[in-house]
């Protein structure tokens, strides 16, 4: 079985797209996470209602994360 | 009695439809889950207000899940 | 005293109507539940703003449940 | 001091009015409750924006309860 | 230092005004509370958007309480 | 490092401004707090959409607090 | 792997930008944080719908934080 934490682990140093509860999408390289699904992205780009913005390194609180899509 | 976790276990490697709190519906093959009902879908298609989008592998946070419908 | 968990236990294999936080009503045969009030319904029909839809088996997350009405 | 749980205990088999987070008011005989303030009502009438509906037995999730008014 | 629980303790049998998350204000004599800040009011008057209503005894769930103002 | 609890401790008996989740701002002398960030203010003034009101002593539930600004 | 807490630790005494659930952005020097991601900012500027305001020292409740962007 593919445990969610294992999929996260395999996604480290890969590009991911993360949907937040406030509707924003954060895209960047996943460089770390913890057991609360707090995450660290690098080279992050934020997409908010079609507008894109470069943010660099971002720490995301796990309780605001809705879904994580590893980019293939 | 049909325990919710058992039904999930039986649904692994089957197609499921998952309704999220933000109204989106995620459909795909359930490949794993954990005790927080975080889930992993593969070959995921997102439906959002009638618009469909292919997302591939997706990790869903359990606290955003409203209902899970195994496809028969 | 009628403990909530006992009433649930007595409702197993009976028809129940479950109101969710997002306003949907799920009706079906309760086939199981756990200590978080996650529940399993079979032969489920969803009612959403007057529209009805057949869903079959559904797992409901307990933290989205508002009220449960066993059908007499 | 009047502990909330004691007032609940004294209200068992009495008529109560329960306000839920979604604005509905549930009135009925309180037949049981647990430590999460999940409650069981019998002979329940739901009031929603002025409309009343008979529901019979209802299990209410404690985390959706705002206030409980024992009827004198 | 004035611990919140101590201020509550000193307010027992005094008149308090309690603001709830849904905007209602409950005024009455605080007759008890527990460690979750569930509270019991007697002789309660509810104020909702300017309309007042007498409710008698009310049990309030602590997680819906925003602020408590002891009346001097 | 400036631990949040230490900054709170240093703010006791000082004037603070507290923003709540419902948008209200409470200003007063912080006379106490606990580990849940429940707080006690004295000589409190509430600001709500520009309208100010004197409230005296107020107990605030920590889970409704967004930010605390000690006044210098 | 870059653990979220480590990135926070490295950001102490650096300028950060913090997005809150209510949409406000708080910018200032991060002088401390705890395990709940409560944070202390100094020299804080709040941005709310384009309006900026100087706030000085601010304690932020971790459960209202959505994302943290260390400024490079």
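Just so it is clear, A, B, C, D, E, F and G label the chains in written order, and each chain counts residues from 1 on its own.
Everything below uses one rule, namely that a residue touches a chain if its C-beta (ideal position, glycine included) is under 8 Å from a C-beta of that chain, and two chains touch if they have at least 3 such contacts.
Please read these numbers as outputs of a predicted model, since none were measured by experiment.
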Required minimum of steps from subunit B to subunit G, each step between chains that touch: 2
Distance from the mean Cα position of subunit E to that of subunit B, given in whole angstrom: 42
Cα-centroid distance, subunit A relative to subunit C, in whole angstrom: 33
Distance from the mean Cα position of subunit F to that of subunit E, given in whole angstrom: 19
Residues of subunit A engaged with two or more neighbouring chains: 21, 63
Ordered ring members, subunit E first, subunit F second: E, F, G, A, B, C, D
Subunit B contact footprint on subunit C (complex, rising order): 12, 20-22, 26, 31-34, 38-40, 42, 44, 55-61, 63-64
Footprint of subunit A on subunit G - complex, ascending: 1-8, 21, 23, 37, 62-63, 65-70, 72
